[in-house]
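Below: one structure, written as structure tokens.
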Amino acid sequence: MSTATALPTSSKAYEGNVQLPISWRGTITYVIIGLLSILGFGLGSPAGSESRFLLSTSRDAVQIAPLMIPARMTAIILGLAILALAAYAAHNAVNRRKAGVWLPALVGILGILAFLVWSGAGKSESVPIPLLLSQGLVFAVPLAFGAMAGLINERVGVINIAIEGQLLAGAFAAAVVATLAGNAYVALLFAPIAGGLVAVLLALFSIKYRVNQIVVGVVLNVLVVGITSYLFSTVLKDNKATLNTPPGLPRIEIPLLADIPVIGSVLFNQNILVYLMFIGVFLLQFLLFRSRWGLRLRSVGEHPKAADTVGIKVNRTRWINVIVGGAVAGLGGASFTIAAAIGFGKDMTAGKGYIALAAMILGRWNPNGALAAAILFGFAEALRGTLSIIGTPVPTHFLAMLPYLATIFAVAGLVGKVRAPAAEGVPYVK
Amino acid sequence: MSVETPQAQAPQSPESPVEQPQPSRWGGALREMMASNATVIVFAIVGALLMAAVLIAAANSEVQRTAGYIFARPSDFFSAVWNSVSSAYSSLFRGAVYDPQANTFARQFKPITETLTAATPLIFAGLGLGVGFRSGIFNIGAQGQVILGAVVSAFFGFAFSLPLGLHLLVAVLGGALAGGLWAGIAGFLKARFGANEVIVTIMLNSIAGFLMSYLLTTQAFMRPGSNNPVSQRVYDTAMFPSLMGDNFRLHWGFILALVAAYGVWWLMERSTLGFKFRAVGFNPDAARTAGIKVERMYLYVMLLAGGLAGMGGVSQTLGTEGVLQEGVAGNIGFDAITVALLGRSKPVGIIGAAILFGALRAGSPLMQTASGTPIDIVQVVQALVVLLIAAPPLVRAIFRLPVPVKENAA
Amino acid sequence: MKLELRGITKRFGNFTANDSIDLVVEPGQVHALLGENGAGKSTLMNVIYGLYDPDGGEILLDDEPVNFAGPGDAMAAGIGMVHQHFMLVPVFTVAENVILGYEPTGKTGIINLKEARRRVKEISDRFGFNIDPDAYIEDLPVGAQQRVEIIKALSRDARILILDEPTAVLTPQETDELIEIMRQLKASGTSIVFITHKLREVKAVADKITVIRRGKIVGSADPTASETELASAMVGRAVNLGVEKALPTLGEVRLAVSDLTLLSDQGVPLLDRVNFEVRSGEILAVAGVQGNGQTELTETILGAHPKANGSIVLDDKELLGRSIRQVLDAGLGFVPEDRSTDGMIAEFTIEENLILDQHDKSPYAKRGGLDLAYIQKTTEQYIEQFDVRTQSSKALGKQLSGGNQQKVVLARELSRPLRLFIASQPTRGLDVGSIEFIHKRIVQERDHGTAVIIVSTELDEVVNLADRIAVMYEGGIIGIVPGDTPRDVLGLMMAGLRYEEAQAQALAHPTEITGDESSDNTLGGAL
Amino acid sequence: GDAPETENTTSPTNDPSATQTTDDAPAVDFLGCMVSDFGGFDDNSFNETSYSGLERAKSELSIQIASAESTDAGQYTTNVDSMVQQGCDLVFNVGFNLADATLTAAQNNTESHFALIDSALSDPETFEPITLDNVKPLLYNTHEAAFLAGYVAAGTTKTGTVATFGGQPYPSVTIFMDGFVDGVAKYNEDKGTDVKVLGWDKEAQSGSMTETFDEIPKGKELTEQFISQGADIIMPVAGPVGEGAMAAAIEHEGVYVIGVDTDAFDKYTQYQDILLTSVLKAMDLSVFDTVRSAKDGMWDPTPYVGTLENGGVGIASYHNLEDAVSAEVREEVENLRAEIIAGNLKVESPSASPVN
């Protein structure tokens, strides 16, 4: 149904006695989380047990002694705090006000903390907080780059299912080039080229030959897996030392900032790809909405005909930006290999391109949102590792589902309907 | 995410007026034939095979060796190229269609039945996805739905003893229902919360994979006395009967797939429910204004699509394999996306595309073993075939085929 | 700047949309193009603007032949165009739309938003547009969007301005304003090509009139020609510009809407305690500037806003809280405002579109399956009856021209026994021939005893059809007035004045077009 | 030089890779074939090791070889079948996943010979172990070797914590982890220490898995977590993902990795300084031996079981880390090996094949 009608321009005070129904959804969710924290995590922790939280890693300049936390009491306090927030949410609901995203975010964080306290209760293993955060970021790198690639492409009107292939091509090129050059930074120049080459094919088939973009993407993924695997088996495997032993990107410690307790090393003692991820996301967010490039790109993805009528070359814009997107994904792919001095392995991206796509949608086609989604996913992934070590009664397969379940929960519970660029997937024909 | 409306790009040749100047009757007929879709597909396959030939030759060790002295004795090189390519393709043909070298008559014709066997789950899953695409739902989740169908049908197949016929029926329905409900989760979340089905189905794929891995470690699934994640064999009472005797793996699941294709055709083209599905797919706003309950349709579509995809898993466990194990769903759910889109989401197109995929799959073992072409190259060949078939203009440009009359109107 | 076309021909496949068209637009001239739907006017303009390559002929600017590779070239040459279908990006702000393609940026490529806003403001102020540069297009009413299109064209200093049906979505006041702007532009030497189906406007502003039919120029006329003459030249037959209708035979109260209130998600009232009744055999026209709740009113009656409060009683049955399906089954025929999004499915055939809301009902469906033979037979009858111009009942909706699409929607909605018929903007963008037909059908429906609600921003239409007129303002009904209320009074009420105030003010300041009760609106006028 | 081309079209000699043999030895008329499971021949694990045995047979015994990689479970039957069609004299099927396919093919082609790696045959209906005259299972008591590695780890750790993780909880993976855990327990029992093993609970048969054999960085992240919990010796049983563990370990002083399947020292040259030892599972050897016997007409379907005794499993030398392992521990490991061989010490794993 069309919603073209604008709100009345004058903001006449409404004096009728009809009111919007109160939305209890948030409140109910928070109450459930709060009660779960108190009854499940609080009373579920053995009485008198403690959880051991690590607040620094061995690398940190400032070593903080592990924190011993009385599990039951802490979880209950956290639960009460969540209930207080629920009450605040209820207050808002009754007054038909909406709180910002900080509310669900805060509830989420408190809930996760309560969960962590419970998981570590009475165990000799610790909950390594900074490591969890830092691994969350590291896992997020390829996802964030992939999501940026996806959103550059989709915002210009081309669906990019080939992120997976672009990541893989980037990982491959980075490993080989870094090994040959003996320098990981050189690889940062070549990984984007590899991703860009995959994008050239995507552009050729989807823009020039107007093949269904999803078919092209899926098939390109198969193509890249096939080619890289073939090259791996025939060339890399037998020449591992000369072709597939890439040096890693060193950690770059940012003076002073890296010494901030707990989060210092998480944010400011990482390799350059992590920094590039942050810079890239914030820059892209800015350029997309404030630069000529961004404006034209979005106009082509939203209403190509309108762009055409003001003299913007629609298909050329698409070509360029599809390739730019591919290059971004290729750069992200480098993180699979050179971020940690790891050699290329067959199919080593293992579906991350599709997760990146999901992060892009979850972030509503915004770089900032996509980054948040990528970090959420990465954190859940890191958490899974910790839980499997601490030992939970939950079978490992179910722990493995954690990031995926978290994503479904986020998209259904928090995000709801999202709007894709209007012209995405539609070839432009004059 | 929006899916290109399949109908919009469907070729609309039949009513193309013949106001073209006709040089001669035969010239016109030839031209028309060269411009037809079937011709383009044939040329697309030829083109892809030619491109892939380069890769096959390059991957061949004999070719690499002779290339070392190509200037000294080029004939060696060229005969090596010819040998590698011809043996790769003849073995692909022998593996997928007809094997003249086999020693029994049945063996000679076995390849084509293998092709159809491999096509069966793809037809099912492709039909499911096709229904979704035509209803405006971009369901990437066939993989998960196939897995669920495989898990539940296999479980019903080996965990219970039921009379012949009934057992098969129960197991099949169980699998279809499981696939449907799994997809129904995404349908429900979309209808109720507006959750994007692309994300949800991607996530459900992974979750289904983990769920199967988990179940395969439980006593209920594993064989007694074994720790391997391989289920017990499905009882014969729950297996699809073989279609052509014990020498062939082709089973009644294939016929059921064809019946399902007819059913889907009827549903989408002839039934009131399919009318609603298509209306929602093309224009949900207009559909809603016309009194169609759009959200409910999303749910129904997902249930149906998942049920069909689930049948893809069922045909694996109750037809082809007879057990549940890691990888039993292979890549069916993802291949089916391409199958459905290549087939323009129409049943006949889907059957055609599925048989193409089935042939490539059935031919690949022989291509690997008889001609030594690495499996990775086989995959690349498959990708090229699909790309070219999907890009008729490229094929026309390469082979300088005439453009059908309708197209230059655009 | 002088624009000259020589022998422009444009073909789409085998179809010739423009056939050797010669046309001269003198500097500072307003040149009106008339022609029925599908005559080829927009196509011709798109050729001039570089969007289409002509298959033959040449374009001359100031007697120099030019060759445009794309709209960029045309714009550079000084041609601006306001397209019939808005070329605005809905998720962009006004400023962003205006600067798109020639953005004010420094070396960095970062857009200078201040400069962008300034450009909008400058033109907006010059012509008294009152447009907020930071408003998002999708939030603007169509009239404002139209003004943005004009700002877009003018901000690039167009010397030749093409206006393709700019008034189709404007209110009378807005139309007056636009015509004033055209005069100003003309005075400053801009040449204007003006396309419209509203003869009144042509007469008010055009210096020269050219009529196109089936892709060919069939003649030209002076602004002094009568509307009837122009109409028949366009359509090729005599057209009745008024509506022939007898006095209504009022029956019982069919529809009673009381205290109908609808709040937006933000709690702002979209409908504010709306009360009215419609009787059997009566046409109630709802007038109002777009965005004052008319859309919500019709949609709420349809059942699309289940959260509304109040009551909607049709034949003693409460409709509020029922599903759209149930409301339609209660006897509502509904023609939505936007036929392309809500009214029909472009990719469906005419047959399918004709059974869209009845497809699972008895004659069309049997045991869950569609009765295709029967559907085809009935469709062919309706095509005949409603004079839908098409090659076959299997043609897709999108292959029909706008007028024919509208006829299909009407045929569908009028093809079953109705208790209430609601049509929004039933003739938007249609040519005079199609309007004549559609109006006739609506009156016929009324005379069968159906209660009819017509929502229209077109005052001609409102006045021609209505037995009573309800004027909406800011979500409420500001007054229900007799069907013969003068246009300028209605116009003022649409701006928020009550009936008495409006009457008083209308007497003091009569407006130009809206007040022009053209005399050659002859009933049954034939040449 | 040129290889002679055989002009035989019905035999698979038009396979260039099969016909290409070393110049000095004419090809022997024996076709040895292998079908991988869905890991493929580059899995850094059992498929790869087995295949290297076949390749060795090709070069040393001058046989012809052919192979088929499976990419998913649906290809097992067809791949095995296509090998039979090729006229293979002996088909190696790698992994328990191919057990059913092997059984069917063997029953239908009684004249062909098969070897099944890492699994015995059992009747699909009664689940009883069965033997066929034309199928030779190749099995490995990997847990015996992993037991020794666990003992070494426990005796070498400075932090008192060691760890292991797997790719997927398959028996062929967890058998390593079982042995490792038992080895550590043995050390604790003997020395009264309390060395802890993270990542695997043998009782519950659950622990840390990457759930992937492809995504190498996951191995790194999991290993970092182990290190943060104090572990300083880690045994990854996850194919290529194990490289991730090495990448993590090398960033931390004094953290070592134990390789699996083959000697990681040879493969990962850049990590030689942190590779403590490797748990060897000599599939290459048994494949080679099986080919040799079959070629020489001495086909014997008796299951082969690789043990410490017959050298089918074992642990690699400590290479560069010889000094990190105390002489005492080294000696005790040798004693333990002898005891296990002698049968005085029983090492058990639920994942061990029921044949022995």
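Letters A, B, C and D mark the chains in the order given here, with residues in each chain numbered from 1 onward.
Everything below uses one rule, namely that a residue touches a chain if its C-beta (ideal position, glycine included) is under 8 Å from a C-beta of that chain, and two chains touch if they have at least 3 such contacts.
Just so we're clear, the structure is a prediction, and the values are computed from it rather than from any experiment.
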Check B-C against A-D and say which one is joined by more contacting C-beta pairs.
A-D
Take the average of all CA coordinates in chain B, do the same for chain C, and state the distance between these two points in whole angstrom.
47
Note: chain D sits from chain B at a C-alpha centroid distance in Å of 35
For the pair chain C and chain D, the C-alpha centroid-to-centroid distance in angstrom is 76
Note: chain C residues in touch with at least two other chains are 304, 336, 341-342
For chain A, which residues are shared contacts with two or more other chains?
1-2, 229, 233, 395, 397, 400
For chain D, jot down the residues that touch at least 2 other chains.
40, 169, 211
Just say which it is for the chain contacts: an open line, a closed ring, a star, complete, or other.
other
Pairs of chains found to touch, sorted by chain label:
A-B, A-C, A-D, B-C, B-D
Which of the residues in chain A come into contact with chain B in the complex?
1-2, 159, 205, 209-216, 218-220, 222-223, 225-227, 229-230, 233-234, 351, 354-355, 357-358, 361-362, 395, 397-398, 400-401, 404-405, 407-408, 411-413, 415-418, 420, 424-426, 429
Interface residues, chain D side, partner chain A - complex
40-42, 44, 163, 169, 196, 198-199, 201, 206-209, 211-212, 214-217, 220-222, 224-229, 240, 243-244, 247-248, 250, 252, 267-270
Which residues, counting only chain D, touch chain B once they are in their complex?
2, 9-10, 12, 14-18, 20, 33, 38, 40, 66-69, 71-75, 77-79, 81-83, 85-86, 96-97, 99-100, 119, 122, 124-125, 127, 168-171, 174, 211, 350-351, 354
Listed in rising order, the residues of chain A that touch chain C in the complex are 1-2, 4-8, 10-12, 14, 16, 18-21, 96, 287, 290-293, 295-296, 298-299, 302-303, 305-313, 422, 430
Interface residues, chain B side, partner chain A - complex:
1-4, 59, 138, 140, 189, 192-196, 198-200, 202-204, 206-207, 210-211, 213-214, 217, 285, 288-289, 334, 337-338, 341-342, 374, 376-380, 382-384, 386-387, 390-391, 393-394, 410
